[in-house]
Amino acid sequence: MFTNLPLFPVEGSVQAGQVDALYFFMLAVTAFFSLLIGVLVVFFAIKYRRRHDDEVGVAIHGSLALELLWTIIPFFIMMVMFGWGAKVFYNLYRPPAGAMEIYIVGKQWMWKAQHMDGVREINELHVPVGRPVKLTMGSEDVIHSFFIPAFRVKADVVPGRYNVLWFTASKAGTYHLFCSQYCGTKHSGMIGSVIAMDPNDFQAWLGGGNASDTPAAAGEKLFTDLACITCHRDDAQARAPQLKGLFGHTVQLQGGATAVVDEAYIRESILNPQAKVVSGFQPIMPTFQGLVTEEQILQLIAYVRSLGQVAPPATTGGAAPAAPQTPGKD
Amino acid sequence: MSDGHAHAEHFPGRTHMPPVHVEGVPGAPHAHHPKLQHHFDNMPQQAEASTLGMWVFLVTEIMFFGGLFMAYLIYRQANPEGFAEASHHLNVFWGALNTIVLIVSSLTMALGVRAAQTSAPPKTQVFWIVVTMMFGATFLGIKAIEYADKFRLNHVPGPNFHWEGQHAAAAQMFYSLYFCMTGLHAIHMIIGLGIMTVIATMAWKRQFDADYYTPVEVAGLYWHFVDIVWIFLFPLLYLIGGHFVE
Amino acid sequence: MAVAHHVAPKSMYYMVFGALIVGTLLTVGAAKVDMGPLNNVVMLAIACTKASLVILFFMHVRWSSRLTWVVAMAGFFWLLILFGVGLTDYLTRGWVPGTLR
Amino acid sequence: METLNYLNNGHGAASWLLTRDHKRIALLYLVSITAFFAIGGLFAFMIRLELLTPAGDVMTADTYNKMFTMHGVVMVFFFLIPSIPAVLGNFLIPIMIGAKDLAFPRVNLLSWYIYILGGAFTLVAALSGGVDTGWTFYTPYSTAAANSHVITAAMGVFITGFSSILTGLNFIVTVHRMRAPGLTWFRLPLFVWSMYATSLIFILGTPVIAITVLLVAAERGLHMGIFDPALGGDPILFQHLFWFYSHPAVYIMILPAMGVISEIVQAFTRKNIFGYSFVAFSSLAIAIIGFLVWGHHLFVSGQSVYAGLMFSLLSFMVAIPSAVKVFNWTATIYKGSVQLDSSMLYAFGFIGLFTIGGLTGLFLAAVGLDVHIHDTYFVIAHFHYIMVGGAIMGYMGGLHYWWPKMSGRMYSEGWAKLAAGLIFVGFNLTFFPQFILGYLGMPRRYHAYPPEFQVFNVASTLGATVLAVGYALPLVYFIHSIFYGEKAPADPWGAKGLEWEIPSPPPTENFVVTPIVTHGTHQYAPSKEVGIV
């Protein structure tokens, strides 16, 4: 698929068309103004070239009308560019509800992907064509950046937090995956492929893949192994909040604040449990900083999610495990 | 400032001068003050340039500390409880006492500048500057006591950091900021003491009078600025919410 | 001509000094009263007042040229730009549904 | 019998190393900055050499990473930022405002020594094994992961910052307090306006990067942990603080060049600038709005979506004063008396390349489009059009324009035109392909790359070779002119301005009699309003 001299990247996603449309619009406008300036400068330089040594130019001090003209016209053109760019950006960074979810972990110097039904990949990412895919991304060490040129999407992967990226592949094919934030020695080796497949092929690939435990199942196992279950339990002896049906809810914290239970909150609660303690509980949970990897944290999150959430993603096959529906009210 | 300065609002700095000024021609009234540097026209121009220069430098100092205050702002709004908990382990008494010590030193500094302004005898000028330095040193002494305390309690960020309370991570962040901010402030105090030593020596050599006291004035600006930084550091570090709980 | 600078009476310096000490004691006192979020406001208001007193009187800005005023104000104004524009990020994180803090 | 001037008034090393004459300090800067330009250029050449082939086969990945880091650090902090201000600004500001020297000559000399000290730290870091963090020192890579001399390099940047601060402080006080009688603000040469605006950025921005790299050093050396995610620290806060200075730093580079271009365009059209006050105030507008746009470096970092939108809007705003300048220069050429000497060729090159650089900046300001081209070669191409196509073109133009004044000698105009042409062609061949590479998706800082990107990389390396020849030529003919060039008259170009009224080279205290200014610079024709509205 790589031709020898590409001049323009393949449009492999729905987003690519939106970005390219803006690109061509800006290219046209800026080419016009570059040519305008270039032609005027060259034309004036020739027309008004100095013809004898003591010639001087005509004293012109300026023109308010012209100044206003070339302030206001660029201003409006730029407002169009801004508005258009803002619209594209807003779409690029607002994942639709019900997108197929994949967890990504970046570490020096590889990309790890976990599909919700257990398939894991390294430096490859298989996605179906025609379905929104949402990546929740964390980093083990330094800042990386997940970049698929053919999809025109990119987001930094920052240690200590999750960033989200989404796209809908529109054309089957194999595309470059680059790390675009400098991350050390083998930064240029932190590359891979994104393989967009027809939905049927994708299902076949999932089925024939090296599926292990789903993240939720792996998370459940961890939940027991790390003895989380001793405190987070369903009965009256629970010394910690019950996790069933918690995801997506707003919880009341000590000190009066509230927090929405999302990926970021669960992550913080595992690594820095004292930061936001749910009211009515003692701050007794130990930190798991250094005891769990980023992947394991994501598995624990998948497990908590699988215990039920407010608005379960309307996904099937390859998405989050079917979750028991809980009423979406606090 | 006097009439001379009022003009400076409408004309550039050099309009104090008669319009045509030929080098070395008598008639430029202050051209021969021994402290006038060759590239200035007269004493007021030189004095104004120096104070303006110090003010511009203080703006850079504001931005220099500003980066730290920004970090403080971001992390405190992210961990209000952790910061409060960490702050409770600072000794409010020492902090308040040091604030008062610095305010006293600012007063004596201001009186020192005034002594030079009014051509007071060198003894008086030196007296005020030395008193200022003594209070500055007192401040650093108290700071040293506090630092020693933190080292003893292992509240210094790094591998040996130990925290007994609930918010260990936030507390370590707080103390990272505490040591950076107060440490940088202390370095400014030490530099201030160095400057004051020079100023005191110059005052002792009878270099300052009502006609020429720019160095004292400029050094005073610096000293007061360092005081202002502490005026903000004290409540922000020592008095974070909830001292009524105890 | 060089004695252009305003010489303030000693009594003024002592009055400003008194105000600064009172301010310090007030801050310590206010920290012991539970006013909720107002505690921070009161503390910062007192600190700003104290700083203004030092700048206006001890640092002679009260009698200085307009340029000095502008320079002094510019420093604090730029600090507010750093804080204000920087906070637009921190205070709006997670506002768009689906994005995380 | 040579008359006494600043060059022959005192001989020997001490007369230079202890000088307080702004003109001699400018020459000290000229020599040291040229040295750093050569070092930075050498690193650039190594980068282009490696990128000739897709596989990383010329040097190891670690070496390559150190090469682009040192290229960035040296070029940004030790060449571009001080270039025009410290050389041309130092030399010209006192002369242009009719003063004998800057307000604080000793501070001026001190700032050169600080610059050299900071440079020494950086060179020590380079020679003792290098730094591999990128010139941006992003945390947590720089604080936790990098295994190179980060602290030494960070201290180099920290120290050099004070050199910038002192230079900016000196300029601001000088412009406020040292102007000749009658030289009102609106009679100032536009170069002085642009240097004033630049100085504002120096004093308001530089301290922030100073404290930021200090915190990186503290975190790395003392394990303080200000940006450490494990303690709840935010690596993105580093980026905010870093770019609060480092984006305005781009305007530190381009504003002085704009000032130079304004002077050259007026001199070589023998015509006063079109819309003086708009050009003057647009410098201030760029300096001020430039402080509000830093977040466009964080568009894909995980900064909030709304902050991204705001920074996008503000980034578009800063383009308007730049556009105003370009339109005004174009209008100035209209009905001028245009003479295409080498300085003017550089000015034309500047206008063309800056226009492309500025307009591609709009692509990066459009936040939805930036997501794709962020951290790709599109960005590299864009900022090299601004920094090399803009700032260095301005610097070269300024050097050619004022060289007769500085050295007292004329250089070979023919060679100079050839060099200007080579630089223009070489530059475009080097950097234009990188726009295409960037949109194709080639990320920056890549040691090895997929083979389909090779053609453009080869073109780029070829261009870089031409560019290197173009930059080497002036070194040769400028040095040649010092020994063999014919003596320069006071005003070789028939230009107007205080600097052209004193001998070339100027006497030590510039003016024997303090000038009295009655009108603005560059008034060639008797003033009459020509309506074109």
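Letters A, B, C and D mark the chains in the order given here, with residues in each chain numbered from 1 onward.
Going forward, a contact is a pair of C-beta atoms (placed from the backbone, for glycine too) under 8 Å apart; a residue touches a chain by one contact, two chains touch by 3 or more.
Remember, it's a predicted structure, so these values are computed and weren't measured experimentally.
Within the contact network of the assembly, the step distance from chain B to chain C comes to 1.
In terms of Cα centroid distance from the overall Cα mean, chain D ranks first. Chain pair with the most C-beta contact pairs: A-D. Spacing of chain C relative to chain D, judged by their CA centroids, is 36 angstrom. Per-chain CA centroids place chain A at a distance of 41 Å from chain C. Averaged C-alpha coordinates give centres for chain B and chain D that are 33 Å from one another. Counting only residues that touch two or more partner chains, chain A has 90, 93-94, 161, 163, 272, 275. Multi-chain contact residues of chain D (touching two or more other chains) are listed as 176, 204, 208, 230, 232-234, 236, 240, 244, 305.
Counting partner chains per residue, chain C shows two or more touched chains at residues 67, 74, 78, 82, 86, 90, 94, 96, 99.
Those residues of chain D that touch chain C in the complex are listed here as 176, 204, 208, 236, 240, 244, 291-292, 294-295, 298, 303-307, 310. The part of chain C that touches chain B in the complex is made up of residues 1-8, 10, 13-14, 16-17, 20-21, 24-25, 27-28, 31-34, 39-40, 43-44, 46-47, 50-51, 54-55, 57-60, 63-68, 71-72, 74-76, 78-79, 82-83, 86-87, 90. The part of chain A that touches chain C in the complex is made up of residues 90, 93-97, 134, 161-164, 166, 262-264.
On chain A, the positions that touch chain B within their shared complex are 255, 272, 274-275, 283, 287.
Residue ranges of chain B in contact with chain C, taken from their complex: 1-2, 4-5, 8-9, 16, 29-30, 33, 42-44, 47-48, 51-52, 55-56, 58-59, 62-63, 66-67, 69-70, 73-74, 77-78, 92, 96, 99-100, 103-104, 106-107, 109-111, 114, 117-118, 210-212, 217, 220-221, 224-225, 227-228, 231-232, 234-236, 239, 241-244.
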